[in-house]
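Each in structure tokens, the structures are laid out below.
In the two complexes that follow, subunit A is the common piece, with subunit B as its partner first and subunit C second.
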Partner chain A sequence: MKLQGIVSKLLLLFLLNGTSLWAALTLFSLENYGPMALLLITTALIDYIYLSKRTRASRWLLPGTILLIIFQIYPVLYTAVTAFTNYSTGHSITREEAIEGLIEQNTNLVEDGAQFEFKVIESGDRRALITTNLKDGTFALAEPDGFSALDSAEIPEGWQLIDEDRLREADYQSWLTKLRIPFSESTILKVESFNTAAEYQYLLRYDAGLNKMIDIATGEALVEKEGAFYYLDGTEMEPGWRIWVGFGNFTDVVTNDRVRGPFFRVLIWTFAYALLSVLTTFILGLLLATTLNSPRIRGQRVLRSLLIIPYAIPGFLSILIWAGLLNDDFGMVNRALGTSIPWLFDAEWAKVSTILVNLWLGFPYMFLVTTGALQSIPAELSEAAEVDGATPRQAFAKIKLPLLLVTVAPLLIGSFAYNFNNFGGIYLLTGGGPAMNDSDVAGATDILISYTYKLAFASGKGAQYGLATAVSIIIFFIVASVSAISFRRTRALENIN
Partner chain B sequence: MSALKSLRKYHRQKVWWRYLVAALALVFALMPVIWVIGAAFGPSGLTTQTVIPRVFSLDNFKVLFNDENVPFALWYRNSLLICTSAAIMQVAIATFAAYAFSRFRFKGRRLSLVGLLVLQMFPQLLSLVAIYLLMYRVSLIFPAIGTGSALGLILVYLGGAMGYNTYLLKGFFDSIPREIDEAAKVDGATAGQTFRQIILPLAVPMLAVVMLLSFIGLLNDFLLASLFLQTKEEYTLAVGLQAFVSGQYEQQWGPFAAGALLTALPIIVLFQFLQRYIVEGLSAGSVKG
Partner chain C sequence: MLKKTRIAVIGALATFSLVFAALMPMTAHAASTIVLWAGTEKESTYKAWADDYSKRTGVTVKVVGKAKLQDDFKTVGDADAPDIVIEAHDNIAKFRADNKIEAVTLTNLKEFDANVISALSLGTKLYGVPLATENIALFTNTKMVPKAPKTWAELEKIALDLAKKNKSNKNFVPFAVQQGTGGDAYHMFPFLTGLGGYVFGGTPGKWNKYDIGLDNKKFLNNLSLVDKWYSSGLIKASVNGDIAKAAFTSGNAPFYVTGPWFLDDIRKSGVSYRISAIPQIIKGYSPVPYSGVQAALLTTYAAKHNVALETKAALQDLASASSQLILSGVALKAPANLKAQKSFSDKDIAAFGIAGKGSIPMPAIAENGIMWGAVGSAWVKATSGQSKAAAAFKAAAASMRDQIE
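This part shows the complex of A and B:
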């Protein structure tokens, strides 16, 4: 290898090692030991592979493989794991974090308790308050672990005052809101504004021996159920935490009325949408290919260039354009036809629209591939059939079509799998709508993938990650088995011929 | 003589319906395009549009470049930067992997190839939630590469690089005779030199098409981009135009059509130039996003 090459390789490795060392230190300081270890091991592996003389193929495969593991394999595993939890808004943290959060968040102002005015001061990493107790006029230096008395409200040596402008910065604000300083045995100081605080008491305490949350005032032990604490009267305490629910999310899909109804409606429509998309585009593509693939047609090249324009336009644009064209009041389609069809706002018409738009987007692709496949079928075959007395129609149906199907079958399966998860084709056109009723996350045209997206990110009912990942797993099994079965079928088809 | 005449007549009779089908298909394919062109150069609202604008105006384009609420030029730049860099790196990664799969025999080669194929059944789309949660946690520690950053988005895009393109390119490399490599080896070339000086030049047209298709696929991504990019100035064309037009077609139709035209035109031109290669790639089975 040339010197230049060696130098640039070493330089790159040097940069990489430097960066990952810095990142590892950052992770170390935040006590993220697991990710830190993974990062260091990966870096060492990269160094070994590119410095050792014995590695060959791995040098070429490494960059892709690392990215594949991080952004495909890990997410797949994480999805599989999350599907068995109740991970959702209100159940996103661990039990320990939830207990800590519940104690910190549930506080009550002490009647006739102390009131404070304070200044925030800072010395290096330490932050503290100088408090003036308005009730008895005493001064104190209050640090997160407790109070120590002062003679005056003057700032002690070595400390710096933080003025109110800086307190508005996110970092200080969150420190102040989370601050709980023990004041007396059962009470704490809690900040109320940028310069006042008051004496509060906790409502809940955690009994580690009993492993239970206790209401301090009444002594009632809270009931623990499905990753949350409940009072006996049924009041749920937020936040809850993540727990394993086994196959709960999957059985919900079958048994829970709230989930089952929309899920099966969406499932059926997803199949219909994918199938109809493949069929309509294929039939139109084939029709055009057989009609136009004839020596008697002039200007075939120009025709073809014009017909593939819908395919050349980026899909997201075409769909957004169609959403405008299909606008029921002012859209060009209704005006051209002189109708006022609610293309996107009626459940049934919206379904028609999604298929129609997908037909427009997809037929040029089918036209191109079927034209290619038809041209690759030897002309002798149909000529021989004609000599044997077959009509052109018979020759097409009995000879050309089966041969064509063998060639394009894998592409049809691919197209089915693609449309089964064609998020953009639905979401950008109708947003999954129109809504069926208020309580459903799924609208009339939602397919499984857009339903998943809404469950996780956009339902307005909080994020239901557990259920969303369970639906993802179901989609995977459907697509995988449909593909597996049909690939086997088409191979059988090939063997026959 | 008369026999020839009647043959011609026969042909004319049989051919008219083919032209009819072609004409109908052209109307279906091009009508929306013509409407959009008309809208782009006409007045701004959907209410007032006619197929051919009564008054020719460039107001819609002016909105795109002068209105601060519609930073179209920024979206265009973001899309170009994000999609070009991700497409180049995607194709580079896929090319390296394809070369290794095509030219080296190593332990686990078959298993890796099958594994890659199975993994394609689980598109990134499905692990969306996991990717989001992963990158959200990353963003808390390293904001530069987490959610809310274009760099993070590019990284996620690269995670999908080892998929279908690797297969396509492996097939292509397989079709280049190994004797060429071996001759180079005899002359003392390393694997890297053989790749750079012999294989790569042969693959340039193929790589250009794969890169164009990757680019378009990325340009089309709305889902991941909408999760990662959070401010108007960071948006790509897909996220920006969707946010701009959805729910307010009546008001924004004209400027949107102008933006659509500016976005689609370069790609349509590229497509026409590369048509022949793209068709070959299609028959090999790639599906554009």
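This part shows the complex of A and C:
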């Protein structure tokens, strides 16, 4: 190996090692030991593969494999795992975090309670506050386990004052923030700023032995169900936490009326949308391709180039422009036609609009591939058909089309799968609307993928990641099985040759 | 020989790696820096305050503009998370449900209007520092409408007469209020209140989610007016945000319902305008808009970053009159601090304040999320000819009840 090569390889490796060492140290300080170990092992593996002579073949595979794991396998696994949880707004954290959060959110200021000013003092490992009770003017030395009265606010012997600049250090700030000093039997002192504190009261207490949340005032043990605590009267305490729900999200799709109704309506429309999109674009593309394939047409090249323009403009731009053109009262389409068709406001017309706009966006692709396919069909075949006395129509239907389908069919399946998940085509044009009565989430033109997106991010009640990931897994199985079946069918076509 | 070289190579690699790692900063979230997230369009406003604050106190506040603040805040990891988030008050319930924000205490609570405080309260606790208030109002093109209409009926007549005169002008909009296909329950709210409807019963901070007023009898009766507005062409769902704004700023609309966020654009357009409340439509009901309170929220991450107390100090500073004047000066919004309000002089913002009298804070309850979709699409159906207004609102009420249970 040349010296240059070795040096640049070493340079790259040392950059990589340095970065991952730094990242590992950061992870260590955040107590994320699992990811840290994974990172170090991966780095060591990379070093080994690029330094050893025995692993030449792996060098080529490694970058691709790592990218595959990060960008494909990890998201897929994450989605699959999330689908079996109740991850959603109000259920986004762990049980421990939720318990801590609940106690903290329900620690309330005591009305007319004591207010304190304080100084922080230190003696060796011991830290304490000298508090001035603003209500009765008394002084006290407040240590984490309790108060002891003082005569004045002067610093007792052996203690040292910590000034405010030092209090800003992370160590002191975190100590002060977490400090809870028992004040009376049921109340505590909680720090509010660098020099003030107030009397607070816990509403809830967690009993680790019983594994239950207890209302301190009434002694009532809260009921735990579906990842949240409930009072007996049904009041839900927020935040709740993430739990495993097994196949709950999947069975919801089939059994829960509020999910099932819109789901099947959306599913049927998704199939219709994908099929119609493929059919209309294919038919128009084929028509134009056959027409332009005829030698009698002049200016073939110019016409072909012109037809590709819609394909060359970024799709989202065209869609946004179409959304404006199709406006009821101000759009060009209605003005040019002299009509007042509710293109985007009526449920059925909106469906027509999505297909039409998709036709505009999709036909150039079909035109391109069918043109290519048509030109690859030997001219002798058509000539032979002509000699045998076939009409041009017969020649097209019996000779050209079957041959065409052999090459184009896999592309049609691909186009179906693409349109099945054509998020932009729907979301940018109609936003899934107009709204329907059976659901606040799924509109009339929503396809499964836009419905999933809305479930995850845009639904009124907040995010429903669990349900959304379950639906996206269902989408995967639908697309996968449709594609598998179709590919098997197209094999039959290949026998024509 | 070969073996020695290899050892040397590996040794050099290890040394350089260690040196490189040592040179990098230890944690992503440096201590003593407060991170503040605001919408991209507000970034410069809060930077102005942050610069001033760091000059006065030496504490660095890093302002990060976020185009999709809510989505990012939902999914952010601990290390990158903000300590302060700037959002409208109606998000606090949602954020608290995920334990993302904490309550705050203010020493100058008396410098704020009670309504503003209750808008930001959940139970007895205050979840955020009120910064600025905003509401929508009626802009009138004074060249087209020299004399202000006193009643809605007068306004309607003026608008429709002008529409008749401008029949050949395809871009003319007699009454510009934005909806579009997705609907806009926020901009249409004055018409809901003006016709005797309400979304939730109760009062700010104590909303009753079981009392839905979208199909109360008086409102349903008055909704026949909306059908008339649609058929006469006065109010149409096809007018979306872009069309409404373009129509008013190009002198193609006599009336325009919008908020102070477009004030700058309207001033630049050169159209002469007047800002006022929407005139009364039906006796006994005033068409009041929603009010929104921009607030600085304390996140639970501040404690995790060990900067909770510094963040609280910064929030207390944001509550002060002087800091709110800095924000209002940059962003042209009415400061929430009453002392600041007194010394903030902008006649248009003052007019917005008067027009917003009696406005209702957007309910800060999770169920309000359902309202946007349900009420927005009811207005769209009613003003795009898809359904009679009364039927659309009956359906919206039923859908909301069904989802709230």
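In this text, the second predicted complex is superposed on the first by the 413 of 497 C-alpha atoms of A that agree within 3 Å, B and C clash if a C-alpha of one lies under 4 Å from a C-alpha of the other, contacts with A are read in each partner's own complex, and residues count from 1 in each chain.
Just so it is clear, a contact is a pair of C-beta atoms (placed from the backbone, for glycine too) under 8 Å apart; a residue touches a chain by one contact, two chains touch by 3 or more.
The structure displayed is predicted, hence computed values, not measured ones.
Counting only touches as set out at the top, which of subunit B and subunit C does A:P156 meet: first, second, both, neither?
neither
Tell me the contact category for A:F71 with respect to subunit B and subunit C: first, second, both or neither.
Only subunit B is touched by A:F71; subunit C is not.
Quick one: classify A:G431 as touching subunit B (first), subunit C (second), both or neither.
A:G431 sits against subunit B and subunit C alike.
Classify the contacts of A:N327 with the two partner chains as first (subunit B alone), second (subunit C alone), both, or neither.
both
Now for A:G462: first (subunit B), second (subunit C), both, or neither, which partner does it touch?
After superposing on A, A:G462 lies in contact with subunit C but is clear of subunit B.
Applying the document's definition of touch, where does A:A98 land relative to subunit B and subunit C: first, second, both, or neither?
Second partner only, subunit C.
Of subunit B and subunit C, which one touches more of subunit A's residues?
B
Once chain A of both complexes is superposed, is A:P402 in touch with subunit B (first), subunit C (second), both, or neither?
neither
Pick one for A:L30: touches subunit B only (first), subunit C only (second), both, or neither.
Both: A:L30 reaches subunit B and subunit C.
Starting from the residues of subunit A touching subunit B, keep only those that also touch subunit C in the other complex, and list them.
After superposing on chain A, subunit A residues 26, 30, 327, 329-330, 431, 457 contact both subunit B and subunit C.
Write out the stretch or stretches of subunit A touching subunit B in their complex.
Listed in rising order, the residues of subunit A that touch subunit B are 1, 5, 23, 26-27, 30, 32, 56-61, 63-65, 67-68, 70-76, 78-79, 82, 284, 287-288, 291-292, 294, 296-297, 303-318, 320-325, 327, 329-332, 336, 360, 363-365, 368-369, 372-373, 410-411, 414-415, 417-418, 421, 423-424, 427-428, 431, 449, 452-453, 456-457, 465, 468-469, 472, 475-476, 479-480, 483.
Can you check the complex and tell me which residues of subunit A touch subunit C?
Residues of subunit A touching subunit C: 6, 10, 13-15, 17-19, 21-22, 25-26, 29-30, 47, 51, 89-90, 92-93, 97-98, 101, 104-105, 108-109, 167-171, 173-174, 176-178, 191-194, 198, 238-240, 258, 327-330, 335, 342, 344-346, 430-431, 433-435, 437, 440-441, 457, 459-463.
Okay, in this complex, where on subunit B does subunit A touch?
So the residues of subunit B touching subunit A come out as 11, 14-15, 17-19, 21-22, 25-26, 28-33, 35-36, 45-47, 49, 51, 93-94, 96-97, 99-100, 104, 106, 109, 112, 119, 121-134, 141-142, 155-156, 158-162, 166, 190-192, 216, 219-220, 222-223, 227, 237-238, 241-242, 245-246, 249-250, 253, 256-257, 260, 263-264, 267-268, 271-272, 275, 279, 282-283, 285, 287-289.
If we count contacts the way the header does, which residues on subunit C are in touch with subunit A in the complex?
9-10, 12-14, 16-21, 24, 26-28, 31-32, 59, 71, 74, 78-79, 94, 96-99, 102-103, 105, 124-125, 170-171, 181-183, 236-240, 243, 300, 303, 306-310, 312-313, 316, 366-367, 369-374, 376-377, 380-381, 384-386, 395, 399, 402-403
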